[in-house]
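In the two complexes below, chain A is the common chain; its partner is chain B in one and chain C in the other.
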Partner chain A sequence: MKAAHLRATLRVLGNSIVLQVKDNVVSNYFIATLVMQPVIFTIISVGTYLYGHKPDLGLFAITGTGLISIWNNNLFISGELIRRERRTGTLSLVIAAPTPLLVILLGKSFANAITSVLAMGVTFLTGMIAFRLPIGIADPLVFSIGLVLVVFSITCLGLVFGSLFVITRNAGEFVSVANFPVYILSGLSVPLTLLPLWTRPLSNFLTPTWGNKILNQAAVQSSGNMLPNYLWIVGLSAIYLVIAWFLYRRVEYLALRAGTLEQW
Partner chain B sequence: MAVILTQNLHRTFQTTTGIIRRKKKEIVALDGVDLSIEPGELFGLLGPNGAGKTTITRILATVLLPTSGSAQVFGLDIIKEVKAIRPRIGLVFGGERGLYWRLSGKDNLQYFADLYKVPPEVAKKRIPELLELVGMADRANERVEGYSRGMKQRLHIARGLIHDPELFFLDEPTIGLDPLAARDLREVIRRLNQAGKTIFLTSHYMFEIDALCHRVAVMDKGKILVMDTPSALKKVVANLEVVEIECFGIPRELVEKIRSHPAVQAVNIEQLDQSQMLQIQAPAGAELVQEFLGMLNGVQVRKVVTRQPTLEDAYVKLVGEGGKKV
Partner chain C sequence: MLAKYATMLRADLRLFWSGVRASWATYLVELTPTVFFGFRIPRILLQSLFFVFLAKAAGGDQLARFAMIGNGIQIAVFMVMLSMEEVIESEKWNSTFQYLIAAPSSWFPSMLGKSASYFGDALIASTVSFAVLIPALHIQILPLDLLRATPIILLIFISASALGWSIGAFSLPIRYGYMICNWFAYAMIIFCGINIPTSAMPAWVQVIGNLLPVTHGLQAVRALIDGATYASVWPLVGKEILIALFYAAAAWLVFGYRMRVTRQNGNFELV
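Coming up: the complex of A and B.
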């Protein structure tokens, strides 16, 4: 019975990914956040470092900007997922189904995250074409493993923020504001060494911090022990999922009590 | 054992008014509802907008919590035993919302089959059967955004049935449909009930409830006014007849004058395209037509008809004048 239940849950996960990809390919919003935004962010970010005569930070700016785009994309598209479910009137139907909402959203968000890896490619290309930066990746294997892990982990972090969208249609405003501290504290827009020391524990709790370390290091040199960084990402992902599990149960209850599932 | 049992069910909603000095206001949507619905029954809930029909449907379908009172579905508590209830119920709301428009009809069904953990081999067989049942087999691979309203509504029915529920909630399923599409949908509902499904149907349309339901409850302002079989409800108006007068531009005071006539039981006025239809309920055989026409002196009258009362007239009498303006 438990095996059948697990198979059914995995099937929902898999089909949620397929459904989301099908839905995304016809969405202009998705293309805009996946292509246009990384191009603009890269030009601003790399341009700032070059103008400040710090060309050695060019690669840092590119990986950071790539992760910002993945994070932004994941956060807003995941929020948009619930907003769209609300708008199309499917949110209450999805909640009325026996599959937990978190499983459905995990599948859909992961689909977005996988596709959003394209944003990292766009930032590298923009750096090469717009600024003629000689960009190569010293350790492609470590870089790839790090990218997959951080994308999954960002999906889990996005779910924690996304839970707010279940309870209120106005979550977008809060998330828009909360979005910036995440990538500042993760050292994606400015190096962590420039931030005050008291911010370090907060940075450690954010998975893009560790993802950025892996990607930066793998891009510039092939040596170095990445295991602690990998473990941080895996551990944080587990913590995010546990938090998200409790949050979704709670916000679902609150939404049912407040009767807000149909508001859009 | 009753499939649905509610006791003293209450639900209030809070709204706020004002921008700077915000005031909270409480709106009573359900005010002590008691219901008992038996297995295999096709139960109709009738009432004007804001009566509480959708609220009670959502509570019983486990997508809204009651403020107080108790409700059981299959003998299970709708708050504490949600997980056991959800796989056994189907839910369909009226209107075009509730589907993934960018996906095909078939993909929508497949997705909801997954959400309800229908085994793939069962879903593979059931999806074409349901598409056939609702007459959508030939358009199943097209995107939902290209469907007409009636097609979307039929797809909703198929979606709600994808996990073969024992109890089916239909909240105004024929709203906005053209007469032919609505008739087809009613036929589908009838067949589902004949196949053994218990159906909880809410509707604005009296004839729909009359034609389909075994029992009907009339609801207004969050309360159940009366609950019985359609034929028993019609007895409320059994000794009456209805005089229908179609006229142009009838003044409000003339309507009130007719209403205050000692023999008149209820008056309803319905706005037609160019004219108004005045429906007067009065004792049968009272020969009041000439008297009413005399009262309407100066108003252009197009047509006068006397007919037997229907469930709709019983509803108008029970709910009052506002009841018909739904």
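Coming up: the complex of A and C.
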């Protein structure tokens, strides 16, 4: 019984991923966001560091911008997913279905995160073309492992926010606010040393902070123990998933108790 | 003859006032206190903060000051451009475009009125950004110097609005006007010298920047804040006015063209 249940869940997850990837591939909106934002943000951040005579921070700016784009895409599309389901009148059906909403959105968000990895490539390409920066990754294996882990973890973090989108119509506004604190607190393109010390616990609780550390270290040097950073990301992903699970159950309960989603 | 013009003027003013009321009503519906204080104000502050931090990390306090002036204005430019694009595009999505075409009166005063509340929104954005971030980040800008530059800041909002209108008018037949305007507004951080001076950019970036709103106005604002006189920044102000007029004229002509073609083809559903 449990094996059948697991198989069914995996099937829904797989279908959800495939459907979302198909949707992204034909979405001009998604493609434009995926390409334009990394280009613009890379030019702004790397250009500012070069103007300030700090070319050594160019690579830091590029990896930071790549993570900015992955996070932004994930959050933006998560908000857009719920908004679209609501507009087309299918959100209620998705919630009423026996499959948990979390599983469906996990698949869709993961698909977004996978496709948004392309943004990392766009940022590196922009750095090379626009600024002729000598960009090479010192430890490609560690970089790749870190990227996979951070993409999964960002998906989990996106799910925490995604649950709130079900019970608000202000997802768009929320997305525009939730972006910048994560950029700043995670030290994406801006050093964490600029922030007051009391913000450190907040930074530690955000997975892009650790992803940024791994990607930057892997980009500039091939040695160093990455295990603590990996463990932070895995641990945080587990915490996000637990929080998201509770939030989705609560949201589903609220929606089922009200018998409608119209009141949100 | 004079009486006829007076009647037309009164009708236009009435239309303008109706537009203002509609704009204000929409603004209040969209921006509930929760949205305004919970989302809008934090977004204004955090976006400016991110780019000022970036400048501080790159060039210390001097570049942070430069970026603070730029981003305090850019955040309002960003919002006003998107709002103006939406004023045009919403006619399509709300299915009111055909009424504008069919109405015997001029569309211009009513559209101008519909944009009114967003100027106020832009002013709030800049004021909040400067009022909170300058003291919080200990940036050396005197409030009096900022006040002295206010007329030019308002001019920048108007010229950015004209660009927003023209993007809205050009992109009316497609579905991605808002997105195009969004990226345009971000790209202006590069082209208009928001974070770093345009003089540090490649020549082709400077050429594009010189053709966009904000670039010259912002240079005038920076000069005024640093103590220059209005007489000395007049050439920059003149260029900003000319650019504003150019984009406003482009918006007016293209929107009028869209209406004319739609009327001829009778296919407003496709717009």
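Side notes on the structure shown:
Rule of thumb we're sticking to: the second predicted complex is superposed on the first by the 255 of 264 C-alpha atoms of A that agree within 3 Å, B and C clash if a C-alpha of one lies under 4 Å from a C-alpha of the other, contacts with A are read in each partner's own complex, and residues count from 1 in each chain.
In this text, a contact is a pair of C-beta atoms (placed from the backbone, for glycine too) under 8 Å apart; a residue touches a chain by one contact, two chains touch by 3 or more.
Predicted model, so just to flag it, every value in this text is computed and none were measured.
Steric overlap between chain B and chain C is absent once the structures are superposed on chain A; the two fit side by side.
One geometric descriptor of the composite model is the angle centred on chain A: between the Cα centres of chain B and chain C it reads 80 degrees, in steps of 10. Using the contact criterion defined above for the overlaid structures, shared-chain residue A:Ile43 touches chain C, although it does not reach chain B. Within the superposed three-chain model, A:Ile104 lies in touch with chain B and out of touch with chain C [touch as defined at top]. In the superposition on chain A, A:Phe180 makes contact with chain C only, while chain B stays out of contact range.
In the superposition on chain A, A:Pro140 makes contact with neither chain B nor chain C.
Contacts of A:Gly121 after superposition: neither chain B nor chain C is touched. Within the superposed three-chain model, A:Val94 lies in touch with chain B and out of touch with chain C [touch as defined at top]. Once the two complexes are laid over each other on the shared chain, residue contacts for A:Pro228 go to neither chain B nor chain C.
By the document's definition of touching, of the two partners only chain C reaches A:Pro191; chain B does not.
With the two structures overlaid on their shared chain A, chain B and chain C come no closer than 6 Å at the level of C-alpha atoms. Here chain A touches chain B in the complex through residues 5, 8, 11-12, 15-16, 19, 22-23, 26-27, 88-90, 92-99, 104, 253, 256-257, 259, 261, going by the rule given at the top.
Put simply, chain C touches chain A in their complex at residues 34-35, 38-40, 42-43, 46-47, 49-51, 53-60, 63, 67, 176, 179, 183, 186-187, 189-190, 195-197, 200-201. By the touch rule above, chain A contacts chain C in their complex via residues 28-29, 32-33, 36-37, 40-41, 43-45, 47-49, 51-54, 57, 170, 173-174, 176-177, 180-181, 183-184, 189-191, 194.
If you check the complex, the residues on chain B that touch chain A are 11, 13, 58, 61-65, 83, 86-87, 89, 91, 93, 95, 97-103, 107, 110-112, 114-117, 119-120, 159.
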